[in-house]
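Given below, in the form of structure tokens, are the structures.
Shared between the two complexes below is subunit A, which has subunit B as its partner in the first and subunit C in the second.
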Partner chain A sequence: MSVLGTLVGVVIPYVAAFIFVVGVLYRIFTWSKCVVPFKIPTTCGQQKSLPWLNRTFMDRFDSPYTNWETAVRMLMEIFLFRSLWKNVRYELPAQTAVSTKWLWLFALTFHWSLLIVLIRHFRFFLQPVPDFVNLIQGLDGFIEVDIGWLWFQPHVVHIMVTGLTLFVALLYLTYRRLAFPRERTFSLPSDYIALILLLCVAVTGLLMRYVIPVDVAQVKELAQGLLSFHPPASPDLHWLFMLHLLFVSLLLAYFPFSKLMHSAGIFFSPTRNMPNNNRAVRHINPWNYPVKGVDWDEFYENFKGDMEELEQMGYVVKPEEV
Partner chain B sequence: MQEFEEEEKLEIVQKFPGWKEILKPTTEMKKGFYSYAATLRDQEYLNLPFPREWSPLDEDWKLPPNWKEIIIEKMDELRKKYRSFQVFMDICVRCGACADKCHYYIGTGDPKNMPVVRGELLRSIYRRYFTKTGKIFGEWAGARELTEDVIKEWYLYYYQCSECRRCSVFCPYGIDTAEITMLARELLNSIGISQRFSLISAAACVRTGNHLGLSPGGVVNSIRYAVDDIKEITGVDVEVPVNKKGAEILFVTPSGDYFAQPHWFTFIGYIMVFHELGLDYTFSTYAAEGGNFGFFHSFEVAKKINQKIYKEAKRLGVKWILGGECGHMWRVKHQYMSTYADETYEDALKVLEEPVNPVTGTVFENASSTKMVHILEFLADVLKHKKLKIDKSRNDHLIVTHHDSCNIARGMGLYEEPRFVIKSVCNHYYDMPDHSIREKSYCCGSGAGLLADELMELRMRGGMPRAMAIKYVHEKYGVNHLTAACAIDRAAFPTLLKYWRLPVQMGGITELVANAMVMEGEIERDTDLRGNPLGEYLEVEI
Partner chain C sequence: MSKTPLIAVLLIFIGFFFFPYFYSVASGQLGKPVPELDKPKGDHCIEDAKWMEENHMVLLKEWRDHVIRQGIRTYISDTYGTKYNISTYTCFECHTSKANFCDKCHDYTGIKPNCWDCHVYPELLQKYE
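Entry: the complex of A and B
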């Protein structure tokens, strides 16, 4: 057990964390090195033009003019999934499109749940546990349930809502790729890998909370040891926790090579992070180079006859005399 | 116009192959779905790489021997030059929110027309040559080899995208398939693959100053017909300055307006309004084109065409530039024009000033840098200040709805100006259903170089969602007139409406303004701008 313990408990997490940090930074570095030649926001609302024109509150952010409006647009995209909220489904025989919010609902549920679950995990790494972590933990787990039926004896637990919503949302996101014909068509193996890894992490986590409790004190000891770079030589923890840790490590190591990088990439998306003030603030293309076209003199030479006639007309076109 | 058989039935076959199937290139060039290859003459005139005669129907596309290296190198160059490209290749999670937002997907059912898959056509190659996982795991990482068939597939599908950006509205990361399409076309161009339709116009524009290839005399003749028409309809003598040095405003409009139908009525509308306002403006024969078909092809051709307007503004010494009703023209003017321009812009700044409406004194602060104002912004300002005498009842025979053209909607944010202008000159206006207007507007199906006749079936299918939204308001409110501030729309819709058997006529917005406008010294009008008896709606033949 001890060699395996060292491997899964210490070596793999460190390697995975290293790949994660370096990989993500490398990808972000690559993106920031690419230049942005044009200002191409997708304008989803009325532009700022004439001051009296009807421009709704949301137009300001769907078609932002200033930098702070653009920042709000980004925040709404990141925290509320504004664009997914707009989703519609085209109904073919009826030839209309109806609003559909399922993807928005489950995607948002998944991401928010994941965020809160991650924050809750801070309690393993930080001593003393910060107040906000305790607060979130308390809010998340306000439902107390006796799951004695599972245990054949009274057993009261706090239901962590986000853990369950995370799991349910993941199930839906997997289900739609398998069951909907369109989604099945464009889903690649990598799309399933991400979902499977996340599901494995979630399932092992849920099992530890509700079915096979593990010694949390030991877990915390290991987490803090890893964080302070003084890990125990051969941690000997419950197999279920080790499995959980292994899946988390795999997920971290896989992260920079995968589409999961969208979490950082959205900040670089030029159709969302640029203001729609193109005609007021000129954008400079750093690699712009001159291209020779036909200039006036050449044009004049080519059409000399026409141009001379135009000169005789005094550059004015008048109606024919009747 | 192509005639359609009564019996003809459109079938939408939805196919849902697995991911492995999707990775295999589709190369079947089906009639109505593929574009003709660029002519040798245009390729040579524009100095494009590897000019040659070829056809998409040929087995051998006569690619240069090292085409593969060129593509890979170009991809490497583009991902460094365009952050959008690198980021959009990396972060798509294939959530599918975009899938049924593409009008071509809705109309064809072809899975490769889903924006996510259209992106994957390129992304699979990117993974194979630029990512570790793609190099190691190949197909299982969603990567595939770059073969000639992939090039054929790109040509087929990146010329089945009208760069309308509707998918980008719904994408949680704002991934813009228009951007991917533009760069894919740039890649294709690097090995000498271009589409005929957009290049004919682009080459003509470089050569003559407008997409239609009108000589300066041709432009002047068009204007002459316009002033004659105006005299006939209103009795007013209108003079139009052309290439006039020292004018305050340079007016630039898409060249379709010079004689196409129903563009023409908008064209004479501009001239009537400018005359009535007493504007000190000028047309130009050198910068006779507002649009930029080079934008549908490559950076360099777009730049070639773009430079004319600033050069002409400088030469004529105008203070600012006014632009007519056009879609992609305004995507370029709003988001690209001053960025494309290099020293031509700095040069033009010596004469250009912040645009001020001489009639109302309004300063167009939102155009303070580019110095170019949209005609609808200008008209909205004029109408708000009641500077034109309007008789709304002249448009009473029209029950109007407005189509938000993709580029001015999602590439500019011009939603309220057209509605304000229309409502100021018409009594009957109804919007189409919410899912089909404003930022969710459906494309006419013919944008970004897809107005070509050989793409007719694709265009009619792609235009279906828009046509059905029009059908809805036609049946519910009796809508009989469709407006759009876009020259491509004005060319595409008559065919589309006829195909879907909708008795609705179509036109620009300035046409309605000019029709309702009471000019000083005008005779009693007995026809509208179309020459129809005033106040009478002539049923459209379907």
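Entry: the complex of A and C
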């Protein structure tokens, strides 16, 4: 176990964290340098126009005019997934688009659960454990379940709701790609890899929580050792935790190369992060090359023969008065 | 592209990913190992000490079921074969402090067991005896 312990417990997490940080920073900076040639916000509300054209309150965020409105729209997109809320499915016999909210519901559940689960994991990385983590843990675990099954929760009584909702949402998101014909068609291997990795992390985590308990004090000691850059030489922890750590490391290392970068990418979406003020503020295309232009004398010199011919035909040839 | 999204993403990324490091540095307890516990009285625990360290909650839950649901008040140690009365007071005979024993690891890992919602703990007992 010792060599394997060092590899999985120390080397791989450090390498993965390094790839994660450098990779994410690299992608963020490359995106931020991207040229945005046109102002292309996607809108679905009445844009600010003539004063007598009424805009509803939501129009201000569906077709934002100021930076402030754009920021609010971004926040609603990030925290509520409003564009998924508008998801429709095209019904063939009726030939109508029917609104479907299942993707929105499970995507939102998954992301919020993941955030809360991540914050709960702060208890291993923060020393001392701060009150807000304790509070979130307390709220998350407000359901006490005691069924009496021997294999289930041999050591605890609290159910962490977000852990289970995370798992259920992940299962739906996988089921959706596998079972729905259209989703199955456009699903690529990379779509499944992200889901499989997340499922592996969730399953090992849930197993540790509910079926095979591991010594969390040792886990925290390892986490603190890694965090302080004084890791133990060969951590010898429970195999299930090592598996969990390995999957998390794989996920971290895979993150910058994958579609998981949408977490940063959403901020850089030109269709979302620009105000719809095309008519009021000119958007300069950075690709525009400088146009030197030609003045009258040069123009006349270039086309002297034609000009003189025109003059002989009786036309007045003179510079345009600006 | 405007620099606003870059700044937002950087703040969130650095804030979330490096927060544990800065927090632990600020608190001055970065890399704290498992805290040292008070040495209990007595020769040995009711089971192997190492096993107890990892599985005391399993045993306590089992004890609760034995007493409350099945009315069994005697526990025979797997390791030593001795009989013990199933009660928190049996624990308190050796483990005389909650603050210097239980709480240390529980605080370290952010665990809030609900034992003390109902049960007395040694300090409280000593105070009223």
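Assume the second predicted complex is superposed on the first by the 280 of 322 C-alpha atoms of A that agree within 3 Å, B and C clash if a C-alpha of one lies under 4 Å from a C-alpha of the other, contacts with A are read in each partner's own complex, and residues count from 1 in each chain.
By our rule, a residue touches a chain if its C-beta (ideal position, glycine included) is under 8 Å from a C-beta of that chain, and two chains touch if they have at least 3 such contacts.
Computed from a predicted model, the values in this text were never measured in an experiment.
When the two complexes are overlaid, the chain among subunit B and subunit C that reaches more residues of subunit A is B. Contacts of A:Val36 after superposition: both subunit B and subunit C are touched. In the superposition on chain A, no contact is made by A:Phe18 with either subunit B or subunit C.
Looking at the shared chain after the overlay, A:Phe122 reaches subunit C, while subunit B stays out of its contact range. Of the two partner chains, neither subunit B nor subunit C is touched by A:Phe132. When the two complexes are overlaid on their common chain A, residue A:Phe79 makes contact with neither subunit B nor subunit C.
Once the two complexes are overlaid on the shared chain, A:Phe142 sits clear of subunit B and of subunit C alike. When the two complexes are overlaid on their common chain A, residue A:Ala280 makes contact with subunit B while staying clear of subunit C. Once chain A of one complex is fitted onto chain A of the other, the partner contacts of A:Asp215 are limited to subunit C, with no touch recorded for subunit B. Residue contacts after overlaying the shared chain place A:Val316 against subunit B, while subunit C stays out of touching range. When the two complexes are laid over each other on chain A, subunit A has residues 31, 33-36, 268, 270 in contact with both subunit B and subunit C. In the complex of the two chains, the subunit B residues touching subunit A come out as 12, 14, 16-19, 22, 79-88, 90-97, 99-101, 106, 111, 114, 116-117, 120, 131-133, 140-142, 165, 168-176, 179, 206-209, 215-217, 220, 223-224, 227-228, 230-231, 237-245, 282, 285-286, 300, 303-305, 307-308, 311-312, 315, 333-336, 338-340, 342-343, 345, 362, 364-370, 372, 377, 380-381, 384, 409-417, 420, 433, 435-436, 439-440, 464-465, 468, 471-472. Listing the residues of subunit A that touch subunit B in their complex gives 27, 30-31, 33-40, 42-50, 52-55, 59, 62-63, 65, 77, 81, 83-84, 86-90, 92, 95-98, 103, 107, 176, 180-191, 257-259, 261-262, 265-266, 268-272, 276-285, 287-296, 299, 302-303, 305-307, 309-310, 313, 315-320, 322.
If you check the complex, the residues on subunit C that touch subunit A are 1-6, 8-10, 13, 16-17, 19-21, 23-24, 27, 29-34, 53-55, 57-58, 61, 65, 105, 107-112, 114.
Taken together, the subunit A residues at the contact with subunit C in this complex read 20-21, 24-25, 28-29, 31-36, 67, 118, 122-130, 133-134, 137-138, 144, 148, 154-158, 213, 215-221, 224-225, 227-228, 230, 264, 267-268, 270, 273.
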